[in-house]
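A short write-up of the structure that comes next.
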Amino acid sequence: MTDTTQSASSSEALLIVLRHPPHGSSWLREGIDVALVAAAFGREVELLFQGDGVFALLEGQAAGALDQKGTHPQLKMLEMYDIERLWVSQRDLDRRGLTVDDLMLPVTTLDPDGVAALHAARPLSLIF
Amino acid sequence: MTDTTQSASSSEALLIVLRHPPHGSSWLREGIDVALVAAAFGREVELLFQGDGVFALLEGQAAGALDQKGTHPQLKMLEMYDIERLWVSQRDLDRRGLTVDDLMLPVTTLDPDGVAALHAARPLSLIF
Amino acid sequence: MTLHLIIRTPHSSGIFADLLDAFADGDYLLLIEDGCYAALPGAAGLDDAVVAGRIGVLREDAESRGLLARVAPSIEIVDMDGFVALTERFPKSLSWF
Amino acid sequence: MTLHLIIRTPHSSGIFADLLDAFADGDYLLLIEDGCYAALPGAAGLDDAVVAGRIGVLREDAESRGLLARVAPSIEIVDMDGFVALTERFPKSLSWF
Amino acid sequence: MLSYALLVHAAPYSTQGALSALRFAEAAIARGHRVETVFFYHDGVHNASTLMAPPQDEVHLGERWKRLGETAQTALLVCVAAGLRRGIVDGTEATRHDLAQYSVEPPFELTGIGQLVDAVLTHDRLITFPP
Amino acid sequence: MLSYALLVHAAPYSTQGALSALRFAEAAIARGHRVETVFFYHDGVHNASTLMAPPQDEVHLGERWKRLGETAQTALLVCVAAGLRRGIVDGTEATRHDLAQYSVEPPFELTGIGQLVDAVLTHDRLITFPP
């Protein structure tokens, strides 16, 4: 667990907080859509996976019945949009019995103080 | 606390389970609407207040801003529709720091075994 | 005998407590949609003693979420056809939300 | 400094844990809509140590729910004008749901 | 063979509930049951909108419901009280409320809550799909 | 004086969110601020429906939003991607998607997510109203 909150390159980065799991609702997709559009507009974007949002990163997801695409293909496009800073709450992984080895992308974990510091350090953020 | 599950007059009564608080969403109103219509059709109806649904009975509610009527006027009409059996989960009152003295209508409280027994005894029920 | 259905994660909601209060002998709990996350062995929310041996997870929903290989061994995996079969066996179903 | 808004009851949701993780020095929490139920003295959900003295409840929403006379003494009562004033004081707001 | 009623509270495209209901209906029919009634309540009424235009590569929920109604003779009932306030109106209600447009067409049908109570009482099974 | 953007995710009549947003807008204006933008996303897009017919003794959310747009020059922006799949379409989109009816009229305006990003970056405050 590394607290790299202070080293974020720009305090003006837009922080998108993702708190919902994939498939069950459109929140995750809609939050990622905002992140991708902001990045396409040239804004620096960071993602924080908190609460059930950590499930978005679970390795091994697939499309659902009736053409439900899921959000894992979107997440694999993040790098193409230069969204490379992915923060994950370590406590929320712990609460769900998961570790970073269960996740599909490299992330930086934060302890609760790190989560609070990240929220406090970003003037612009949206929760989905 | 009285477990009167066995004494309910008809096992064919329709049990409407109310689990949502007033004002914040339309669930409570929509559930009570179903109860009132079923009663108007001559069906015996019972209500079970479980979870945050116990807040529906809190004494002292009022209309909200912007013409929000709330659900307490509806609850006061229950008797007129011959809906007289109101069950409340004692544990859910406890969890919220409430007692029956905080409630606006006379109710029968149930312990968790009583809640399970009531659910099991009613073949027809809907949760709102 | 009641078939209980739950669609929310155990961490996001207080429904699990209410569901367990209402769970009677002979009942069955099927985890669907985001309820599937309760099938993870490390997940909070379900008191094993109450529902032990009477809990299943919907295959398609678990699979799309990457959960299929992670489901706790005590939990049955049920496909859509099995979901319908459960509603045949249990005359009543309750969806908690 | 962030103004946190919460609209759900502490019993129905796991949001309170996430909100408390994100709560920093100098932040403020305003309970609105069904979040007002967290203002009951007996309510679970809020770790007083973290938010003590930095928590308010929206008057109109508490009043319509019958909560006004029951609000815990440590919680400020804030009207709509006060809500707007809080957004003036805190440059950032986060709504948890 | 059993007769089923489905109660759909879930809005289209916001949560998985409508998809689950459709999948359940198809699986029940495949096992030889009848899905006689789908009752749309709460935000579920939005499933009845004839105005959905989802992307080509996503399921068209309105079309899928309509197909179910046509192929399985399932009644697609929409709570009129829940629908009217949310902008779910058929031609008749639009005229009555002086609206220039409408959003509901057959096989969807605006009805009262009484039809839900009736479905609960007369069908062998009721399955609810929440948001 | 500050400029505000409101982000509304809440569907009309299902949760209190839209009412809270309206009350906040009115209180902010009463304190001398400008509410420049309301962006409707997720199920919040249903607030833009011109087809609502609520009971006479309940607030008419569509009318209230419209009045806000007219009296406070607030831009009422509806996410087009979220709207189209949910049956929230204006005349132009209806024609493009071969729909015989439509559900959105000015002052509501269908726009892209870029406008939300723009609102976040250019307004002094963003307040979100969830469902």
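Order as written gives the chain letters A, B, C, D, E and F; numbering starts at 1 within each chain.
Quick note on the criterion: a residue touches a chain if its C-beta (ideal position, glycine included) is under 8 Å from a C-beta of that chain, and two chains touch if they have at least 3 such contacts.
Nothing here was measured: the structure is a model prediction, and the numbers come from that model.
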| item | value |
| --- | --- |
| For subunit E, the least number of touch steps when starting out from subunit D | 2 |
| For subunit F, the least number of touch steps when starting out from subunit B | 1 |
| Most remote chain, CA-based centroid, reference being subunit C | F |
| Furthest chain, CA centroid comparison against subunit B | A |
| Fraction-based call for subunit D against subunit C, same above half, different below | same |
| Rounded Å distance, subunit A centre to subunit E centre (Cα mean) | 35 |
| Centre-of-Cα separation between subunit F and subunit D, whole angstrom | 25 |
| Mean-CA-position distance for subunit D and subunit B (Å) | 27 |
| Touching two or more other chains - residues of subunit C | 7, 9, 11-12, 14-15, 33-34, 60-61, 80, 91, 94-97 |
| For subunit F, residues that touch 2 or more chains besides their own | 13-16, 23, 42, 58, 126, 128 |
| Residue list for subunit B, restricted to those that touch at least two other chains | 23-26, 51-52, 64-65, 68, 95, 124, 127 |
| In contact (per the touch rule at the top): chain pairs | A-C, A-D, A-E, A-F, B-C, B-D, B-E, B-F, C-D, C-E, D-F, E-F |
| Touching residues on subunit D, where the partner in the complex is subunit B | 7-9, 11-12, 33-34, 37, 40-44, 60-61, 63-69, 80 |
| Residue numbers on subunit E that touch subunit A, as the complex places them | 13-16, 19, 22-23, 57-59, 64 |
| Residue numbers on subunit E that touch subunit B, as the complex places them | 7, 41-42, 81-82, 112-114, 116-117, 120-121, 126, 128 |
| Residues of subunit C touching subunit B in the complex | 1-2, 14-15, 17-18, 21-25, 27, 91-92, 94-97 |
| Subunit E residues touching subunit C - in the complex, by the definition given at the top | 2, 4, 9, 15-17, 20, 23-24, 26-28, 30-31, 33, 124-131 |
